[in-house]
């Protein structure tokens, strides 16, 4: 395997560069996926039937906690990649573990939020609005859940195998995924919650 | 590694910036802006946040595939906007 | 036994029982045959676990041919049923199932895999690469498509076929109006195959962007490769929409959500909207590669370079953008005002411009050429006028107010068959015949091929042209019967006669494969058509590593140049080649997805959860796996090359 | 080449069939201004498209005839020609002009068919609610307070506004000789403007696939002069029985029924889903953004 030492490890082989570009294109597809969910959300947002409207059920506190947790985790994973580029395995692992902890905190808050919605009569089957609200949030939440497992695998691999072209490549791609989830959340935060509460 | 290496300026600034943008967006609810101004504020802050993530954290422009990556992102954005606004046009705005 | 009742077909008939028996016997015969001839090991090592793009391509095409006959049988039954008024061959329910599966099978399980198969075989060869960017992912794509297609096909004999049309409009496709598991099959099977397709899209974009031979800039890529790049771009951005739409459909049918329902605020129009946001780009996904194939073939057999290369590329890019902004023309009659209809009417007609540019460029590629009428060329030449009719009727349909009269009629059916058959079907038949010697090292018989061609072309026109007329006379599509007083009888009979012609044509095609495999001369040259692009610079059959030395390229027809005193393609010495290892995981993942899908269709949640865990286990395995591939040594390359050169000397 | 002649024959035979008079095709045999408008657009587009097809076919025939290998000498080597900016510009600009021309025709006609036909604006349109259920059509005449099933009587020379909706799958209301179709859906009401200027019997049907009974989902249309129409209405007032809710519910059951006539309409006890856009929770607090569009929709209807 040819390793180009002038580049960061995650870019150092041709295979790595293919994977990074491939993942960017995958993120393009993810944008289209979430755009479709948003389009559906905006179409159905007023179709509340006998169920509640957004303004009735949204609460600022949990949403703000989720936002801050996720934004911070996006910051820490950025620091993790920075540490990785400086070759500091330990710092990188610490930042990744913090990221995963913040992600788990986000997920916990979201689970609490979902339970709350079902409790106050805004379950999945109540109206077109609640169906798409929970589906949109749920799709993002499922991505985060998957990300937590993925991140754990990467931490384990870095611990065992050290910073190699493969592990750094995986970690970098994972960071792209995590940042992307943050971007999606920003749009959910703005156009689902804040717009709904306005 | 020292603190400066662990917490590079760009990342810290990006993080502070994203927190500020979140606070501004939150202002829409706190200050009960009109729907129109509120939407404008939200659009601006959301897209700026996305930009911060894309450029500062995701390093979209750092590799030899910069052009392909940006083309991909712009194309995706185009599709996203067409899907969202096209759907609104055919599902809601189009009916009288 | 109650548990097993759910697997019974709700609306059985002798025909279905017959098929159940036939399918069971065939499957058993295959299993026994493979065991008897001790071929399991061979199949597993050489095919099920392969990551070689050429073999994956062959498997795609085999599956597509199978599906072509499944969809073709459906079509023939439809034409037979409507050949005479008040016919009793099929009842309404069966007819509905048949046209639903005909549409899904032909578009998603025939046209798409056929095209993906050709692009698998040809694209890496055409850009001078040794494989695709992610060979393992490529195998996953194939097996997801394959098992998705199989899942869809068993609906016919287990639990009941989908019956709400390939467009599956709500509320007709809801549990309320379509109680059997048929539409569950639709939602789940297409989902599985669709995920595979999305991965193919990513894979080929990266392959084409990053793995071209040195010197091959974007504007020096062969036109087929260009068409594949654009096609995959559309795949990547259109398929996620389908993923979402099908997921919402699944939730509506299984979990009681209210996206498209009639109660609680659901919107049936939204399904149509999402379906066509994917559906219209999908049309271009199956048409653009055809444009690429024709560009290659016409230029080869006119013995000329492609006319207007740049405008060909620009028009394709324009089509890819426009394809995303026209979808509402599929439901002009849904009641949005004149403003919306006007906008989509204009964007739709605008597509005619880049398409027209391509037609004229092909015509001028013939200009001052030296045209040879081989079978691939015949299909390409037949395409031009027939597709033009398809295209101009498309413009007619794009006129919103007139569409109120064409919509849902046989006129529309005639139009899209006039686009898709010369566009997609002719092109894959042409490409299949054209690239056949590259894959198998012998040519298909030209004589039998021409018989097939003439029956298919004439049969096609006789089948579909009358539909333009019955459509304008008010015959709606998807009617299983009509009364004699409507006067639709004679023309429908004519359609049926044409369909029989098509059947004969395809019979010749199969016979050709059989005859040529047995009797055609072997050891034809590695460039039997005197062609122009890089895939013909390889040996036939192509060795595992494609190119012993990576070619250096200077134009879009580098091989032609090198044959005509241009610069040599292969410079330098053999070096060790790194190749990916085979893997059984993609195949197993495909089967797990099949089990998952089957469990989902019948709401057997425990099995579904177990299968889901299996899918995650496969992904985790991949994450921890260390697989660095293998190396082919210089000695091995020398030996292979010597053998292949000897064979073709 | 045989193909060329085959094609030319086909094209001219279409032209003859389409314009032929002995047995005209329904869509091209309009009996009212809306269908006439659409037939006109169809003919304009056919003739325009025929020009394009002819240009392509002629060029095609020339190329195939002149440049086949059997006609050229063995040592002829076709030249390398990149393309021609002039020619490529020609076949870009001319299609653009054609598309612009057809766009104008299309958009203008689309606006026309979405309004009361020209020359009849001074008349009060007759409003008929056409509701589909599997697999029947229910026609309610609120003005006359009568309801029919599976058949439709209309006065000639009076604009008619059909209000379309459905009690089941999406259906498409279509009377080819009076004008194009439009969808009837469960959560909103669509408006279709039609007018018959010739008395006669016409075929009407659901054109959109709606399940196993779809093929027979048809209705008969009879257009009568105004006075005969009034006579028919009076007759019904005298003879037909009153439509009850239970009877209507029974009619909604899936299946095929014959023709029925009633006094009174189902609108009294089952109003059409108007001004609704499927937001079944009407009157609940709405987001301001959509409130605007809703208000507009409402005022539009009052015009």
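We call the chains A, B, C and D, going by the order they appear; numbering starts again at 1 in every chain.
One rule holds in what follows: a contact is a pair of C-beta atoms (placed from the backbone, for glycine too) under 8 Å apart; a residue touches a chain by one contact, two chains touch by 3 or more.
Computed from a prediction, not measured in an experiment: that's the story for all the values here.
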item	value
Chains linked by the largest number of contacting C-beta pairs	C-D
Centroid-based (C-alpha) most distant chain relative to chain B	D
Gap in Å, rounded to a whole number, between the CA centres of chain D and chain A	47
CA centroid of chain B to CA centroid of chain D, Å	44
Chain centre separation in whole Å, for chain C relative to chain B (CA means)	37
Cα-centroid distance, chain C relative to chain D, in whole angstrom	33
Multi-partner residues of chain C (each touching 2 or more other chains)	209-210, 237, 241, 263-267, 269-270, 273-274, 277, 331, 334-335, 337
Where chain A touches two or more other chains at once, by residue number	17, 21, 25, 28-29, 32, 36, 39-40, 43, 47-51, 127-128, 195
Numbers and ranges of chain D residues touching at least 2 other chains	188, 277-281, 287, 290
Residue ranges of chain D in contact with chain C within the complex	3, 7, 10, 14, 17-18, 23, 25-28, 35, 37-39, 41-42, 45-46, 49, 52-53, 56-57, 59-60, 63-64, 67-69, 72, 76-84, 87-88, 91-92, 95-96, 98-99, 102-103, 105-107, 109-114, 134, 164, 168-170, 172, 174, 176, 179-183, 185-188, 190-191, 203, 205-215, 278-281
Residues of chain B touching chain C in the complex	65, 68, 75-76, 78-79, 82-83, 86-87, 89-91, 93-96
Residue ranges of chain C touching chain A (in the complex, touch as defined)	133-134, 198, 201-203, 205-206, 209-211, 236-241, 243-245, 247-248, 251, 255-259, 261, 263-267, 270, 273-274, 277, 578, 616, 620, 623-624, 626, 628
Complex contact set, residues of chain A against chain C	1, 14, 17-19, 21-22, 25-26, 28-30, 32-33, 36-37, 39-40, 43-44, 47-51, 124-132, 135, 149-150, 153-154, 157, 166, 170
Chain C residues touching chain B - in the complex, by the definition given at the top	209-210, 233, 237, 241, 267, 269-270, 273-274, 277, 321, 324-325, 327-328, 331, 334-337, 339-340, 343
